[in-house]
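Taking it in order: structure first as C-alpha cells, then the write-up.
Labels run A, B, C and D following the written order; every chain starts at residue 1.
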C-alpha cells in the first residue's frame, strides 16, 4: 500500500481556494488520487478533501503541514488537518450496559477489519470487564454519581491524555458528558443514538416509537456536542417495522442498525472523510 | 375474478374470538382465502381481517353484516366492517398548489391501476382546474380564509355527502381541517406529510431537515385526526440524502417518496387492509 | 415468560383446514396468542402458524403432537411441527476464513441476545480455534480435500448427531456440502451468500458486482439444498453503492449486511417463523 | 438563476489533468461552484465534472468548448462535453403499452418539475395517442414487425433528427432497438428494466422473481447498448416483498420503483451528472 497524505479543510467560500490547493499539489509534484470539493451555498462555506501519493512529493512528510499552512491555509483562513494513511489511530471505547456495539467494535478490531489501536475501555459499570480481558484490552471502571461526575471525568481525561487518544467512541455509554469533557475532544467523540434523530430524541426512543406506531425506526451516529442529541450527524439508517413487531422486536432490530451505523460513522472518521462545521457534516467518500 | 367478502374487526382481547369468527365462516360454508389475526399485547386489543369466497357462502350477501353482528360481533363488543371486493369505492381528492401527488393519483386512476371512482376534486385554489378538466373530473374551488373556513367546509361536506364519498385523500392540501370536518370522516381521510413523522412535524420540514443536516428524509401517510400530524400512521418511507443535496434536491427527492407513500397508504385502505385503533394502525397485507 | 406452543404446518390447500385448526385449539381451551394463515394461490398450498398459551390447555405438553397429528394433520396430509418456546435449540456453526459472521453470531450468543446452545464449531481451517476457545466452545477442524470430503463429512455428521444439533449455520463456510450431508438436515442448514441472489450466484460476487457497476449490492440467507445457491430464501437485504466505492469498499459494506441478514434469518428460524415448501419460504412474524 | 457552464470529461488517468483543468478555470476567472474528480483505479481512468459561473468568465460562452479542447482536452486525449444550465434539452419518449412511466414523465414535464421540451412521443401501439393529445404532444405510431423493423426505425431516426432530440427515454418501450439505431444515440438512450439487474434479465422478471421467492425486487435504469440489459447502469432501487405479495402485488410495487428510478436516472442525465465509460457509469451529484 502506497503512503498517502489526506487534506481536510474548510473555510468561508472565497475565490481561488480550489486553484490554490491544486497548485500546491501540482507544483510540488503530487499525484492526486482523489479530490472532492463542496460548497454549502446556504452557509457560503467551502469544504475540501484531497488525497495524494507521497512518493514523489517534493515536500518532506514532516513539513507538509507547515508548508500548507504557510502557502495556502493562512491566505484563506482555513481550518485544516493533514493526515497520513500510514498512521494508526488510537481509539478509546466508552460503554455502559448494552452489549451489541461494544462486541461489534471489538470484533472489527480483533479480526483486523479496522487497523487501529484500542488502548483502553472506559465504563461506569463493571459489566464488561470480562469481555475486555478476553480481548486483551485494559478496562477502567468509573462509577458516576451526581456528586463525583466532574472528578471522575477528570480521571478519565487524564487516562485518555496519557494514552494519546485520537477518537472516543461511545458504544452506548449512557452518561451525559459534561461540556468541559466534550471541549477536550471537539468532533472527536462519536455517539450512537437509538433513533432517527431528530425523531425521538432523549430517553427511551424505542418505547416512544412503539407507542407512536411508526413504520420505520432508525439509528443516528453523531459527534458529541454540549447540546445533547444535537451534534453534527455523521451517519443514519432506518429499518422498517410493522404492527407485528413487539417492543422487544423493536429493540432487537434497533440493535442491528445501531451497531452498523456506529461502525459506518467511525469508519468515515477514521478514513478522514468527515468535516463538521456548525451543526452539520460533510461526509466525503 | 371471484366475489369476495372482507371482514375487518377489532375489540378488546378476549378468549374465543378467533374461534367464533372461524366457526361463523366454516359453518356457513365459506372458503377462507386469507385470515390474519393480531393481538396488541400492550393495549390488550384484538384485530382480525378475513377474506372469503362468497360463491357457496350460505348467507346472502346483503345479510352477511346483520348475521355477523348478531352471531359474533355483539358477543365481543367488536367494531367491525364487512366489504366486498366487487364494490367500487368513491374517492374525493383535495389539493392546494403542489402538483406531484394529484398528478400521480389521477394517473393511477385514469390508467386503470386503481378501480375506483373519483367524482370530484376540491381545492382552495384555482390552480389545478385545467388538470381536472383534462382528466374529466369536476373541480370545486373553495378559497379559505380565517373568516369563511367553517362555512366553506360546510359546503364541502355537503358536496362530499351528495357524492357518497367513501374516502378523502389530501394530495398536499395545505389547510388544516376543523375537528368538525374530520369527525364526519373518521379514519377515512388520508393525508401525506412531507417528513418522517414525528421528525419535523409542522411547517417546512424540508428546510428543517436541511438545516439539521440529517442523512435520511421521509414521508408519512396517516389518517387525519383533530391533532395535526398526530393521526395513526399508515405508511412511511425514507430516502437517503447527503451534503451534496441542496434544499432544492431535498424537495425533489421528497416529492418522489411522498407520492409513492401516499399511494401505498391509499391502496392499503382501498383493499381493506388497515385497522386504526387509538393512535396506531394495523396494516395487514 | 409464559410457556407457549407453536404450530407450523403446511399442506395442499383444502376446505376446512383453518377451522379444523382453530377448533382443535378452542375445544381444548387454548388461549391463541397469534394465528397466521397463508395460501399460495399459485401453488395452491396452505400454510399456518399458530402460537398459544399452554397454561390452561387441556392436552398435556408431551401429548400435543400426537393429538394434533391424529385429530387434524392426518386428515389434511399436513407436514407439521409443534415446538415450545421453553426449549433451548442447539446450533452448530461452520466457518472457513472470514471473520465477520462468526464473530457476530458468537457475540449474540454470549451476550444473551439469543437463548440458544452452541455446542460446537466446525471448520475446515484452524484459523478460528483461538476465537472458539475465547468463547468457550469446542472447535473441530476437518480440512477438506477432494479425496477426503465424504469421509470428513461422515465424521462431522457423527459429531452433529452426538450433540443433538437442531440447526446448522454456515457462517461463511466455503465448502460445498454434499447432497448426502444436506439430506440429514433438510431446511435446517442456513447459509449466507454474499450477493442478492439470483444476481451474482457462484464465486466472487463482489468482484462481479464491481465489474458490472451495479448501484446496489446485497446478501441472501437461505436454506441449503443440493442445488448450490438455489435453496429457499429466508432473508435478503441490500446496500447502496456508487462509483466512489472501491472493490475493498464493496467487501466492507457487504460484510455488514451479510452478518445482519444471516442473523435475521437465523432469528426467524429459531422463533419458528419459517416454513419452506419447494423453493420458497413463508416467513411469518 | 445564474448562468452556469458544466464540464464533463474523462480520459486515461495521467499526471496533471486535475491541475490543468483548475488552471484553465482560474486563469480565466471562473468562479468554480462545484468540482468533482474521480479515478477508477481498476480501469486507471480519470473522470471529472466541474461547474462554474459564466458571469465573469473571460472566454465567451460560444468559445468555451473550442478553448477547452485546445488548451486542455487534446493534451490528455479527453472525451469531453461542455453544457450550459440555460439550455433546454429536447427529450423524446418511446412507449409501448404500460402506463406508469409515461404518465409519470408527462406529469413531471407538464407540472414544471423538469425544464425540458418533449417534442414527440413514439410508440409501436396506438394506445397512448389520447394521452399524448391531452398533454399536447405529437404522437407517432410505428407498429413493428420482424419484416419492417429496419424501415420503421429509419423513419423514427429521421423524425428524431428533425426534432434535434438530445435524449431518448424508453418509458417501458418493449421493442429491442437495433444496433444501428442505438449507435446514433450512444449514451443518450435511457431504458428502464423491471428488475434489479443483473438479476432477472430478459423477459418477465416479475414472474421469475415471484417463482424464485426473493425478498426484494428492483428496477434498473441504464443506457441502452447493443447488448440487451447490459448497458451502463445509471440508477437502481429495490423494494421489499414477502410471501404475502401475489404476482399482482409484485407488478404493482414494481411499477412504483420503475417510474421513480427512471426519473432519477433521467434527472441525473439532464443535469449533466453522468459519465459512462465501457460498461459502467460515474454518477456525480
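Criterion: a contact is a pair of C-beta atoms (placed from the backbone, for glycine too) under 8 Å apart; a residue touches a chain by one contact, two chains touch by 3 or more.
This one's a predicted model, so the numbers in the text were calculated from it and none came from an experiment.
S.K.: Report back the single chain whose CA centre is most distant from the CA centre of subunit A.
M.R.: B
S.K.: Would you mind reporting the rotation angle for the C-alpha fit of subunit A onto subunit D, rounded to the nearest 5 degrees?
M.R.: That pair's rotation angle lands at 180 degrees.
S.K.: Which integer distance in Å separates the CA centroid of subunit B from that of subunit D?
M.R.: 35
S.K.: I'd like to verify one number: the distance from the centre of subunit C to the centre of subunit D, where each centre is the average of its C-alpha atoms, in whole angstrom.
M.R.: So the centroids are 42 Å from each other.
S.K.: Quick check: what residues of subunit B touch more than one other chain, meaning two or more?
M.R.: Subunit B, residues with two or more chain partners: 38, 244.
S.K.: Within their complex, state which residues of subunit D touch subunit A.
M.R.: 15-16, 18-19, 22-23, 25-26, 31-39, 240
S.K.: Report the residues of subunit A in contact with subunit C in the complex, numbered from low to high.
M.R.: The contact residues of subunit A facing subunit C are 99-100, 103-104, 107, 110-113, 134, 244, 252, 255-256, 260, 263-264, 267, 285.
S.K.: Where on subunit B does subunit A make contact in their complex?
M.R.: Listed in rising order, the residues are 38, 40-42, 47, 196-200, 210-216, 218, 232-238, 242-244, 246-247, 279-283.
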